[in-house]
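Multiple structures are listed underneath, in structure tokens.
What follows is a pair of complexes built around chain A, which joins chain B in one and chain C in the other.
On to the complex of A and B.
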């Protein structure tokens, strides 16, 4: 039993008055999280990110609905706003019908807030049962106990959604508020879509915790593009728990810029042969920001491929973390898994921790991982300088190229340009600061 | 001594029970079974140790009582009953130590022969001074005079305590502190014997120093303690080879090795470990929980660990380097072969504290049968370690579809000028290469041995010549029965 967890749950957990199937799960999750508590550094999977310490302040309370106009600070707006999309907007964790665009959904497509889906009697038993691996289970439990809303996206068999779906979260209010949301995304066999997700906040000290349950049917395909740009006083947790069936494909590319401390974690589990999953993350941190990118890929069946790439740029006293784990189950032959973490330390006080793990129980596999940590290549910098490029620009060019490995892989062209632009802005703030 | 009668009975009981292997039935003197302050006092008294060392042991023992056995390693073994083991045994002729080989119990020599370690031949052939640890007490130390001429002290730990207490007291526990970990603390309380090496300033040790460890007495936990001190500008190469006769009882082994490397000094520490791994069903075999650490205390110092691990049922071993001095270098070359139901959790720690420190890790894991092999390593660069450099390569080779290979590296950098690179691969033995070898007339086992030796080449090359030959053979022998 953890007092910290109990206090937190008392203030923030959802009353169990929903449908019976959900109440059972919420109660179990409540008990499980009360028992486990916030993970701390003595929990192996959290050794570099002490959530218990980050959450040590005790007055955490639920955020209030925000009904007025959302005034996004300059330069922080939704990068995907120019893209024609179906759109779900949440403010402080509450769905905002007026800001969303859900008209004209094609046949066989369901996009709606979780609360509405629950009111209609839809059951999400398997999604709420999926707690992911040990590393993520406490957060899944916390979310199940505390989340009241979120997004539901369901595509029937064979549907190809032409327009992307945008999932936009704004957090304008802080002051030790918390917002837990739960997304459920289910793609039937052969369905495909692009999900553009942005989490943008400026409210000061708050916690956002988002768990996304993915279920991709056979041959389904999901392209997931994410921007994480929370307030630099905020703590954010983003968890993706995905089941990927045979010949299905999940591709995630994330740009992370914000937060005092954040953990982006994904657990991808193959349920059928020939599936593919990859999760690539670029992050740019400064001051005392802390970002933890954790991915567990479970090759439970033969013949699947996976990739994970993390590219970090760390300035000032920022701390980066990469934890990768590839599990290849017995008999999961012909598995192919790659993991790479590269980090650039731009300042004397920045630090990077990497832990790329392999856990392999089958012999006919190709698994490789790599990790590099270092500063900008002096020779490359010198070369650019010798061509008459000033130092700041040269550094920026090299860093952009470094991040390119993640950002250029984004298949949606407008989204790619938008995130590249955001990364470029990051340097400009630095430049102004220096002048 | 109260324990004497009990001891004699215990020995009588143990002798005659041997069913397996070729344990030598020479009389031993044992401490009573179990672990208590009395056991610690018994061991210390047996060795005629000074008061400060007894206090040191007792302090360790008291701390150990409050510690918990670590469970983070990826190994499974039945809970060890620390009260159901003997913590001290020595050949009976302790008081009357042999002065030369002729005086050594022929049965001991015979055992070495069976193990393929012809002591006499080796001395003549390679000019190696052998400090053979038979059970816990050294019974033969050779070439002492030649080493003494150079000023090198190479003796058993017990002798060092008697003859050079000031050196032992100055350095003991300074690299691996008493409370370092559960097994190291246990060792500190009950260590039996081991080797002591001291190389004075500017001396290049004229020969490679070699120790053969043997575990011979059933139910005897072995707790070697090795301390190597190399002063400014000196050099030593130390070989440690281990074999054990077959037996059916699990045996605990918790050694501590401390290396102190001062300015411009270099230590090369090579190990071939071939203890009894248990039978094909995982019965028997040795539990090997070892704490090995080197401290590059002086500038420009260098410590190189090379290990070939083929034995033991459970291996828990992380030879480490603390790179304290500026420009110091740490190296770790490892081959870990596991077959049948063996479990290996091994790796290294490279702690970069000084400027321009560099480290290199080459780890080759080979799993066959139903075994499990884990590389677990830490590379840590502290804030002041300007221009630190690390390169790590961990390759795993899987033979058969029921074994497993894991890699758990921790990479931590707090200095931007540091460059750290890590790469790891896991793959199986190439069918094409096997086929090629087969069609050139090699049988399957020979082909596997050849290919695995090729896979391990980077590490085998680091071994001193005498060891390299033995190790190559060992690679083949360890994988017998893993294919086909």
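On to the complex of A and C.
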């Protein structure tokens, strides 16, 4: 039993007065999290990110609905706003119908808030049973016990959704508030869509915790583009738990800029042959920001390919973490897994922790992993400056080039440009700060 | 244009240049020849302002001003251009983007209007054609995977776009076959102008058949040990550097 967890759950868990299938799971999750507590650095999978310490000494309580206008600070707006989309908007974790766009959904497509889906009697038993690997299970339990709302996106077999779906979360209010959201995304066989997700906050000290259960049917395809841009006092957790069936494909590209501390974790599990999953993250940190990017890929069946690439730019005293784990089951021959972490340290006081782990029980596999930690290339900087390019611009060009492997891979052109622009803004803040 | 007096310079604490004096008038081309390791690239890096190259003694006056007071990029905008012996590969930055950024950075620094995308593209296409630089090369990351010849042509292209007042060409001929050498030399010759001076650094006399210098200097062990007219290059070709270097020692 953990007192910290009990106190937290007392204040923030959801009353079990929903549908019976959910109450059972909420109670079990409550008990399991009360027992395990917030993961701390003596838990191997959390040794670089001590969530227990990050959550300590704060009187956490649920965020309240924010009903009025949402005044997003300059430069922090939804980067995908110009893209015609189906859209779900959450503010402080509460669904805002008035800001969302859900008209004209094609046949065979369900996009709605979780709360509404539950009221309609939809069951999400398997999603709420999926706790992911050990590294992520405590957070999944915490989320199950505390999540009030979230997004449900379901595509029937064979549906190709032309417009992307946007999931936008704003956190305008803080003061030790928490918002737990649960997303459930299910794509039937051969269905495909693009998900544009942005988590933007400026409310000060708050916790946002979002768990997304993905279930991709055979030959389904999900492109997932994310921006994580939290207040520099905020703690954020984002967990993706995905099952990927045969010949299905999941591609995630994330730009993470914010937060006092954050953990972006994904557990991707192949359930059928010939599937592909990749999760690529670019993160830019300064001051004492901390970002942990953790991925577990489970090649449980033969013939799947996976990739994880983390590219971090760390300034000041920022700390980056990459933990990548590949599991290849004994019979999962012809698995192909790549994991790479590259960190660019702009300051002597920044630090990077990279931990690759391979658990390979099959022999006919290709697994590559590596990590590099370096500084900006002095020769390249000199070359650019010798052509008249100012030092600051030259640095920015080299850093953008470094991040290109993640950001330029975003297949949705407008989204790609929007996130590239966001990354560029990051330098400009620095520039002003230095003047 | 340029007046170097008794220049001493160290690289990472090791003295390399040991008293170089050189005066270059407007519109002149000076060739600097010398064996490997004599300090030719060091001199060009010192002129461009590379940070770990320390001037320990002497002066460099460029257009009447102390060059050493300018930052790397200020020197570039003031008209100094170094064609690198080994151009740096810069992954992730396309050549075209780089060229546009460089041209406009210099224009801005000089208080001129920046070129818009259309004007810039027209200019690049024109210059690229002269130097037989394929459009495809401009779409590739800067110098990455370029052959030796492509790198040198890319350097020459940059020079012709940036229109410097003082160009330092550091072994721009190395690694080029005779056809490529002619293309590059033609590019350089087209840029000869009464208000533009050049320092042509080379190991071989061959380049100087195409870019005919006004003066030739021989650098050995960080010092200019001989200066003369263009005939000196031919003389060196015949006798080699050995005699000269030994008499300097």
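The working rule: the second predicted complex is superposed on the first by the 434 of 435 C-alpha atoms of A that agree within 3 Å, B and C clash if a C-alpha of one lies under 4 Å from a C-alpha of the other, contacts with A are read in each partner's own complex, and residues count from 1 in each chain.
We take it that a contact is a pair of C-beta atoms (placed from the backbone, for glycine too) under 8 Å apart; a residue touches a chain by one contact, two chains touch by 3 or more.
Source: prediction; values computed, not measured.
Colleague: In the overlaid three-chain picture, which partner chain does A:330 touch, first (chain B) or second (chain C), both, or neither?
Modeller: After superposition on chain A, A:330 lies in contact with chain B alone.
Colleague: Of the two partner chains, chain B (first) and chain C (second), which one does A:380 touch, if any: first, second, both, or neither?
Modeller: In the superposed model, A:380 contacts chain C only, not chain B.
Colleague: Determine, under the contact definition given at the top, whether A:354 touches first (chain B), second (chain C), both, or neither.
Modeller: In the superposition, A:354 touches chain B alone.
Colleague: Once chain A of both complexes is superposed, is A:125 in touch with chain B (first), chain C (second), both, or neither?
Modeller: neither
Colleague: Given the superposition on chain A, which partner contacts more residues in chain A: chain B or chain C?
Modeller: Per-residue touch count on chain A favours B.
Colleague: Taking the superposition on A as described, I'd like to know which of chain B and chain C A:388 touches: first, second, both or neither.
Modeller: Second partner only, chain C.
Colleague: Taking the superposition on A as described, I'd like to know which of chain B and chain C A:402 touches: first, second, both or neither.
Modeller: second
Colleague: Chain C touches which residues of chain A in the complex?
Modeller: 377-380, 382-391, 393-394, 397-398, 400-402, 404-405
Colleague: Can you name the residues of chain A that touch chain B in the complex?
Modeller: 44, 330-331, 333, 343, 345-375
Colleague: Which part of chain B faces chain A closely enough to touch in the complex?
Modeller: For this pair, the touching residues of chain B are 72, 381, 383, 396, 398-428.
Colleague: Any idea which chain C residues touch chain A in the complex?
Modeller: Where chain C meets chain A, its residues are 48-51, 71-73, 75-77, 81-82, 84, 87-88, 90-93, 97-98, 101-102, 105-106, 109, 141, 158, 162.
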